[in-house]
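Following: one structure in structure tokens, then a few remarks.
Lettered A, B, C and D in written order, each chain numbered from 1.
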């Protein structure tokens, strides 16, 4: 009996009740959208609450942990603690390090478990219980799209974390949702010229694709751009998510006549399929008189760590990398590194930037009303955030910026130094018309 | 009148012939004992009668109904109940519930879906079940979980469960096996008491004391064959039977 | 033809992995009558024995170079592995062979862990409902994997096979076919051989030793063996420890194929249960047969030619086969009546 | 049971339960659970576990594939929204029918086996459903992204003028998100609970318990266990489908991961944790797990600081770092430890704890309990 009483100890319960919602002056019982004044969760006290919804359990937990570090850093900087980070290099100078709109920034956290249901439950808690005015985070497209549509229905802003599928700002785009991260379309556009320069135009590609929407999205984009430059697609094989052992999908590649293997996998799938493909000696093969090569269109540092030395020399694209030498990147790496002792990942970067962009938009709008913030973000041009001059396009809420093409480093100097930037593809090359990916933003919802 | 007729039943397990052309019939209202040494095929025989085993050849007829190939619950529904060698009861349920189940099975058939009816409002079933428990002297324990009963009480409970169905034929497989002398006597008394109800019984028994105090007729089985049949007194003196039991101590 | 041979090899390899995990699981079922949902976690622990061993070997002397700094302004650290510093070439050799050598670490660790787990927890659940066993072992599995996660993180940690067996062998050429047609990684062949050896060892142990005889008798009828005055419980403790070692070694050797992470046990758990049940509860040959059968069928179902006719078949083949087998053979391939049927 | 239960007692019990459920927003507020989404989850998963308990708790058949019915219910509900309109009533009805049919098919095949063979059959069917829904069946399920209602959907009854306003279910104008959604779920839970209570008290219920205890005796008592277990399987499948529909009514999105084995495992854990075979246990179990999932995972270093700020600094540091292992990203650890502790010390689940406390209370108040066997707790 004492066992079950323990976690429900009265005193800790009362304190748990006060959890995170020290900011919450109003009782949450019977708060409803109709009840609040101008818009949902309008901050009335001295604080404004942001919801950081990241994977804390499951395969992307480490990525989520890095995102959370970045968020905490961003909150510090917004509240004037630390060295200010990117606030110093950000082209917009509205934020003064004294909070946003005169309110101190507070935050609540939650676990998405990389499951749509859990992510939405967590986001709802933040909105309904903790009074969060903005939700951000996530490490996969399914979750991002699910939470984005939730935020649209509820009436708060969603600042997407790591999500690479075209759909997030394509057919599933929403007026309340914004994405800083790049997408498969941009990956394809950025990667193709580099592949052409390195591997020529006469290549036969074999795709292994994770069998869900993001995988299909990436396969389609890469096919489109590589076929555009003369490559042939031998086969595109769908593999089940979390297959673990990919040998039965890799062996058919051996004698398919293909000389390029494109792995449209992410996370653990990519780590496993790449490791195993290399084990099968694919990279030592000669086909059609050419060296067989592997391409991983979407890279992350954590994946590179997981795949170890197998990534050496393999091309891929990424949103940002800590070895960039522009002022913004240097400032971010410096303040993150000093705080945590290692360089930030691209997931950390995009989450940090998203938080700052949101805060800046709120400051410029002079309110936390989602519709005013959305208007302030739409068409916003900025610089100094590590990706060069960037535009938040009004038509689909997608950021347009330079895309990095990277390659697994041959001689890494540390466990974080695994990728080298081979090319910074300029923004103009990866832009596409807003109606290319379909979808409709719909109307803004402020929850009132 | 014959209530049960078994004709030409053979049953083999692999190379072993467990039953060899057994012909057997039971008169209505009598207590018919089947005895025989270990491994004589008594239990196999019983299992063939109640559908647990299907005989290789031969027929089992209950009245006009052929039991061969029928499912055990169908056999029960036509009026044959069975008491097992080790009591088979619903060990996680109370005594009352144990008796309610067969009572309902008798009234409502092999399946009836009435999820919204309240059992505690079904006076007919409750009264009958309670009455049955009183009959075997277990009424005061009606709310006890039956798994905690003594072996003798379990046997009495199982008997009550079978009797609650008013079976036409009751098969008892060593009803006193493993019981103390006192319990055995109690059981004999009980069986005698219900003997008056016109229920035909087939008893498989080791204990000759039980056989001779209960049975109207005795069939002796040895090595899958019937070697003798007749009234208890006749069987007692039959040299073949004594031979089969190798001078069995119980005689 | 070459495709068939390759997929057969893949299937055997996969089957070896399935069989190894299922072997221990079914051993525990058969002897202790316990549904061990923590068996996947034991597999994972084995894999992390390899990781730990590798990490121990790569413990580094950290010196700072004050003249150089990192991108975030702290002095650059220079790391030299101890083992290299003290043992030179031999150190490098050990580091190179860290995966197979870590078996030496994994055996005592897994034995000890299996022993503690059985004595401390499983023992008390022999006579409890299977549902309770599932709950407690599942809880234990979560605890173990969370501990691993808090130490090693959630990201996979790559382990490399020794240089000598790192590449792929051209089997086709060796058999007189065109070179480059049938290529198979050395390490996978090592794994297959290893799986075969372990399976053979377990069978031999149960077949030819008195200890094994008692255990087999216990599997057949625990009660009677107990009546003979043989202390079957103590033997079962050892059986559990052996099952833990088998799972652990399967994990160790699998690390170069699948970079281990804290969740890998759960990923294998369901699959290994399917294998055990398809093989028949408590049947060791059944588990091995089912492991190979499912592995091979899964490989063939993944062929493009088959997927073209039946899209998605590779995703469900294992479960489909399980359903068919269980409907045709009520107790799996080689199961005995009455085991885990209620 | 039969002599100690009575309609009156059950109605009083049900009335107390109803009041407790409907006032959850008030009395759960102090422990941080008083917000609509979590309370909706309590009701929905309580319902799911209650239905599961009808199968597992009464017949002892351990299904590892009940999440498939949850998924079928969800997809059916969303398709009903898409085709017919945003009223929850048709969605509920269609979901119950669809999951019932699905359960009938799976149950008919799976119930040919018992014990672990049955468990694996149900698991296999559910995993096949999940894998196909995630990939090949994307045209029907919308795969990873999940099935949602779109503006372009026909929505026969309310699609015409519906260009404006968010696409959420509404019952004649009452929106099914927030508190409206909670009360809708709570009322369905009460109906489901009432039905479960009646099943427990019915002849059918006692037959199901007979299946669990001794199928052999049952057969020789003239009862055919198969239709009973199949009926229980279908009923519990319908409960699961209903729970799935409610998930979509409060939040119109149906994702495939709802059908994964972990989701099936979750309802098993909820039921055992709370106490299989008891009426209230599964609901407690469901609430406990959902509470941990949503509240414990939300603790971070900052909130721990607030909680332990009363401690002196040199103690606070270590305490926070230890506590940090169990909350936030470590909430799974707490769950695992909890599973072990409960099953070790309270073999009958939480309800055993409740009844032990009840006995303690009775003893201390001086009334001696007559020594009779424990009745199933309620």
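Annotations for the structure displayed:
Quick note on the criterion: a residue touches a chain if its C-beta (ideal position, glycine included) is under 8 Å from a C-beta of that chain, and two chains touch if they have at least 3 such contacts.
Source: prediction; values computed, not measured.
Among the chains in view, D has its Cα centre nearest the centre of the complete protein Cα set. Remark: among chain pairs B-D and A-D, A-D carries the greater number of C-beta contacts.
Our note on geometry: chain B versus chain D, Cα centroid distance of 45 Å, whole angstroms. Rounded to whole angstrom, the centroid-to-centroid distance between chain B and chain C, based on C-alpha atoms, equals 52 Å. Computed from the mean C-alpha positions, the centre of chain A lies at a distance of 33 Å from the centre of chain D.
The distance from the centre of chain A to the centre of chain B, with each centre set as the mean of the Cα atoms, comes to 73 Å.
Within chain B, not a single residue touches two or more of the remaining chains. In chain C, 312, 315 are the positions where the chain touches two or more neighbouring chains simultaneously. Shared interface positions of chain A, i.e. residues touching 2 or more other chains, are given as 61, 65, 211, 238, 240. Listed by chain label, the pairs that touch are A-C, A-D, B-D, C-D.
Remark: chain D residues 1-7, 195, 198-199, 201-207, 209-210, 212-214, 216-224, 227-228, 231, 235, 372-375 touch chain B in the complex. For chain D in complex with chain C, the touching residues are 56, 60, 62, 109, 112-117, 120-121, 123-125, 127-128, 131-132, 135-136, 215, 261, 265, 268-269, 272-273, 276, 325, 330, 332-333, 335-340, 342-344, 347. The touching residues of chain D, counted against chain A in their complex, run 25-26, 29-32, 34-38, 41, 131, 134-136, 138, 143-146, 148, 151, 164, 166-168, 177-179, 247, 251, 253, 255, 257-258, 293-295, 297-300, 302-303, 306-307, 328-329, 331-332, 334, 338, 341-342, 345-346, 350, 353, 356-357, 360. Remark: chain C residues 35, 121, 124, 128, 130-132, 134-136, 138-143, 145-147, 150, 270, 273-274, 277-278, 281, 311-312, 315-316, 319-320, 322-323, 326-327, 330-332, 340-342 touch chain D in the complex. Residues of chain A touching chain C in their complex: 58-62, 65, 211, 235, 237-238, 240, 242, 244-245, 247-249, 251-252, 254-255, 268, 271-272, 275-276, 279-281, 284-285, 302, 305-310, 322-323, 330, 333-338, 341, 343.
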